[in-house]
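Scrolling down, you'll hit the structures one after another.
In the two complexes that follow, chain A is the common piece, with chain B as its partner first and chain C second.
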Partner chain A sequence: MFADKDAIGSEFKKILGSDVEISTGLASIKTLYNILNRSTATTAKELSEELRAAAEALEETDYSSTSIRSACELFTRFISLAPADLLDDKDFTTVLNFYRSRGDLFIERIAKSRTLISDCCRPFFKNNSNILTHSYSKVVLKTLLDAREAGIWFHVYVTESQPDSSGRKMLLALREKGIHSTLVLDAAVGYVMERMDMCFLGAEGVMETGGIINKIGTLNLAVCAKYMNKPVYVMAESIKFVKEYPLNQADIPADFKYSSTAIKSKDLQAEHPQVDYTPPQFITLIFTDLGIMTPAAVGEELIKLYT
Partner chain B sequence: MTRKKTIEKKAQTVPSDEPTNNEAVASEPSSSTPNEPEATEQVSELVNGVTNLSMTDKERGEMDRQTKSKEQIKAEREAKKAEKANKKANATSKVVASPAPQIQQHAPQIPNGQTLLSTTQVSKLENKKDVTQKPPSPEPKSAIKKDTARGNREVQFDLNTTVLRTPSEETISDLPKMCERGQVADVDDLCEEFLGAFIKFISDWGAERLHNSDADPTALGFDLDLAIRPQLGYLTEDGRWPLPYALGNLVRQLKREIKRLDEPCKHAHTKEDGTVAAELPGGCDKLKELEEWLEEARYSCFELATNSISTHLMQKRKFSKKIVTFDWCRVVNRILLDSLVGEDPDLKHIVVLDQQLNGRGVRHMDTLLDKNVKLDYGDLRSLSVALHKCSIVLIGCSAVLSNGCVAVPKGSLSIALSAQANNIPFMVCAQTFKFVDKVQTYGRMALLGRENMELVPSSLITAIVTDIRIVPPSSAPAILKAKALESQN
Partner chain C sequence: MNHRFTITVARAAVIFVKSVLMHREFLVFKQVGKSPETMTTASTRQEVIEEGRKHLLIEEGRKQLLINLRRRTTREPSFKLATDTLNFLRKVVLHGTYNNLEELLALLRENGLILSGAYPSELVMRNLVLMVCKLARESNSRETNGEFDSPYDSLNKLWKKEDKENQIGRSAKTIRKKLIQAVNDIQIEMETCREHISAQGQYLVHMNDVLIVHSLSTSTTLSSFLAGAKKDKKTRVFSVQIPTEPDDHDAVSISLCEVAGKMCEATKVILSGATVFPDGSCLAPAGGLSICLAAHRHSVPVYVLCAFYKIAPFFVPDSSAVIKHSLPGLPVAMASKWAGRVRVLQPALEMIPANLITLFVSNTASIMPSHIYRLIGDYYHPDDVANY
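Coming up: the complex of A and B.
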């Protein structure tokens, strides 16, 4: 029988709490992997239903639905890429063991993704440069820390990122490692942009268009940067590739914009969105564990992943 | 004294320039305009009751005319405007000419006066106009009330027509005639008719071959290829007029399948004496496979693809309150009809634009008029109004090139530019068989009225909705690769 939704939610939060560095996507994959290990399914369909129900339970937590949905979908697709003769095997435990081994491989690969992204990004750093970043992104933080360790000197400007001031968290983490950084108001992005050399952004989800969904305020930064001809580099793991095609801000799915609590309880007309959509024309390059790609190449990657 | 002199001067000049037609009447105000300050002084004095002027009745009439000049000027200007509007409408519009009563409605209210046209002269003029004008044609059946205030912008709809196609029994060589007769409206219809005609051709050709004992069963594909060449040569006039892109794609895939007919038969079996059993004489099994492939292609490229495209766009349904479309595309028509299913659909307003009134876009109106949705129809001149508060612009296409550009009916480029300027998503519907491995258009094209297509650059397109998924225009090569891999399998 399927596990209780609350139990799945609390297991997910426990994994997130146990490792500060772990991303939401990886935590959701590990939760699904634990469910896979405990599963007593006897058919492939039953297993996929079980995993789908678990993914829905994870989306109902107040964490980033974008990252959770994309990670769960990609995990399910990856593990089920089995040879046809294996799927025909009458003993489903053989199939389950195969899925578990694929799950191990997937988690091992994803755990290295931040390091791969950081390595891809290293050549783009220049000494004595000014870098603007938005809110708190673990991928961007790791990239900046690795570059500093490699001996590159730069100054980071971090936006405050209201309403939760998550930019302050980023500022503290940077200063702890001795990186010169300054906190700027969200409204001061246009003011500081002229002195920046490049902008680094994380992403909660990379869309089929090649655009990204990220913390509210990202679009403002990207538009300013485009106007002033500053490159905008996005860092995102491949598990954040989402099978959605927003046409504009109004077309972002509601469960991406608002927390699940807000969706259930409040009138969304009065609720501020937590994220915005940055179209691909404002992004210069996207750094992923699959390599460096232009926004246009994302669509092709997604076709490869999902067909 | 000076005042008397000026007034007398005016009184003297006017009789000599006594107008006998409207032009003279029109010139009067312009001659008076430089002296307007003096004229107003004179008028005010007249109004104040300066009656010690010795004037004849004629002169008094002239004075009355001057006092009324402002009203007259206004009336004459209105009359000129109305005349110009009528002339324009009669010259440019192809719809039914406005009937005679409209002229009377817009006729200037010329005050009765000696120097002005009398009512008899006005009626004579009107009679002349009536004579020179064509008699009004009988009132057509129209679902729209005549807007007599605006004039003669009338569009003829026929609610009895349907856009449901029943497959016809025509042959390949009949396709050009069908295009000329208007039985084939667009590339989708053309490709479907071609596949149907080719299926018929194969069954007839196969039956003939069956009776031909000299036919070599191992050269089935070669013989079929030879048989089809004159048919295709007729369509393209021996290569002078290239086929439309999507049809060219289908023909290429078809030729590939025909080549495969000469590959060793999978169903052949060895006999006891070691010889390979020949398949049925004339290769009927392979021909049947080819027919099945064609039927499957016809189903998957049209019915199935349209369903998939409509399903993909249903995800955008909540966001699409007002859709603007251009020209006719049956995939877009199907999407609009599917969006209107239910008691309270999200889609509230549809605007259909055409290159000119009574164009192919009227076919949309025929299917949508009885649905519970606000429906507008217009030509490209009403583009700015149409795009006001528009959610998305949705059009069909005849081909998608590998650089992401899209071949669309003429006029779509202006809509794409306007949509971009207004931040409105511009979406194109295209089945995957329309993706072609080309980066340039031909200057000329066979069939479909030999009408050349317009290219919309990929930078103006927000998304291309295909039967696989919604893709950005830059993913056109990926779609081509995916389709090539599919066909290899």
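Coming up: the complex of A and C.
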């Protein structure tokens, strides 16, 4: 019994709307969890089909499909790693209950991610430093707010991040909490870089290469920072790890680059890409809820999981 | 004036030590939180005295270690410091009072914190304390649950319950016995480190190689590595020297400012590392960074020799916090004029970023900088690192 796509989409949007703090990844996991809870599947195959269909429906919404895909893949992977003797059980409801309890733990753990990231990032803050960040990222925002609350003084420069001006949203959120911040043009990244002490980036997805896919303009910032020897720190929850191995910008899957409405209706040649791929050599460290990682460690984590 | 002041201080110290010795018996009771009056039977009294003695033994071991550190005028090879630290930790394990793993870990941590509080830049001490903590955990659990599961957080574990090892541990006696065994194993591994590293010299250095090395006279590992390489291969060695250093090696001395010029002749750069961090960056004797930059410019591979106990489990956001400064800051002639007004910084070490290093030569294998993080799990437990 498959729920129809629009219903799944609207449920997802409702979860996202109910809590401004919730990340796209966690919201999609919660949606899948709800589907799992309602499921009346009688075989493992049926259940996985049902979840796969739901994941596809989620990707068709206009939210970051990188985050959605990584979260959905992880969720289906986790619940499917059941002990073999359990799967032989005649009654599929025991298996379902087992999956549900796993889903519970998973969501509980994911909800703590941002705090964990913020904690492991704290020692890297220095008083009176200048920090450059790009676009609006909830993890970066929380990390900055927590550091300020811990009594560290710093000045944040936020890029405007066109075409949707999400940098302005970041700026307002920072100013609201009394953090000194300045909005800079996307084109002014090179201009301000010499004054910066470090750059903080969020990510929509962390690739197997250790590189990240993030809001368009991230690559410009990272290249500039690398050239001027400024450390680039990425903050990303581990549910954003994606099993993709892009080598250049053309390798980014089209559904990551463009919104699903654009893919359906428009000529992609004329469309602006929404994300770019920043290769691992431009990233100093990645802060995740699993701890601090070098970009090289991300691939290993993914390989450990999918083998 | 200064001289007289020193004498006064010395006298005060002597008096203090005497008074401490006089109150030794009293201290013994104080350490275990009981007074002599409350002792009823002779046997418990004896036990308490024994316990207190052991406590004092540990404390004296620690003091001795710190005093030796304070006394030295030049930097000793970190192997010696590592051995001393390990010997002290063995004393803690052997004589400390604990009933289970938690108490032992707390004891190790307490002593470790005092050591690293006194010498925050001696990261080797910290590494060894954490290493022994991990071994303590292993010797507690090896028998209780068969294999030792990696305690590190991983994508694989996001859906697993955090079972905080509420298993019933081994008795203190078993832990002690097993841990001492494990500590002895580390000791042996440490002693054979140099041999193993120098054995790799044969494979890493080739015929007619031109090597640039740094701080050859202070690093015994480096000189034995070169000796290993030279056994059956003809090489030319440029040794970067501070001008006043004596040279008793089979190497051409060059000064640091010549390095950039000589780099185009060189085929390899070999440095001795002081500490290696999980991201692949390392601390090396001052001057190392400019050599590495010159090597990078000419695409000359850089090898860094590092024994396993130099691999630190944490990332360092600010290298100035862990860099040691060598003595003395001021030349004697200027001291009277400038004392108290000028602080001359003379860092003994320098941070070298991971991208300038080609390979770390450790005792077990040669490791790329980007793979150093994998070794952390072999030697350290995340809870110990987080609580330290």
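Structure notes:
Following the convention adopted for this analysis, the second predicted complex is superposed on the first by the 307 of 307 C-alpha atoms of A that agree within 3 Å, B and C clash if a C-alpha of one lies under 4 Å from a C-alpha of the other, contacts with A are read in each partner's own complex, and residues count from 1 in each chain.
Assume a contact is a pair of C-beta atoms (placed from the backbone, for glycine too) under 8 Å apart; a residue touches a chain by one contact, two chains touch by 3 or more.
Values in this document were obtained by computation on a predicted structure and should not be read as measured data.
When both complexes are overlaid on chain A, chain B and chain C end up sitting side by side without clashing.
In the superposition on chain A, contact of A:D251 is made with chain B only, not with chain C. Using the contact criterion defined above for the overlaid structures, shared-chain residue A:M235 touches neither chain B nor chain C, since it reaches no partner. Which of chain B and chain C touches more residues of chain A is settled by the count: it is C.
Contacts of A:V156 after superposition: neither chain B nor chain C is touched. By the touch criterion stated above, A:T209 is placed in contact with chain B alone, chain C being left untouched.
In the superposition on chain A, contact of A:L74 is made with chain C only, not with chain B. In the superposition on chain A, A:A296 makes contact with both chain B and chain C. Minimum C-alpha separation, chain B to chain C, in the superposed model: 6 Å. Counting contacts as defined above, chain A residues 296-297, 300, 304 meet chain B in one complex and chain C in the other. Touching chain C in their complex are the following residues of chain A: 74, 78-79, 81, 102-103, 105-106, 109-110, 123-124, 126, 238-239, 241, 284-285, 289-294, 296-297, 300-302, 304-305. By the touch criterion given at the top, residues 208-210, 243, 245, 247-248, 250-251, 280, 296-297, 299-300, 303-304, 306-307 of chain A touch chain B in their complex. Those residues of chain B lying in contact with chain A across their complex are 316, 319, 392, 423, 425, 427, 462-463, 468-472, 474-475, 477-479, 482. Across the interface of their complex, chain A is touched by residues 152-156, 158-161, 278-280, 315, 317-318, 370-371, 373-374, 382 of chain C.
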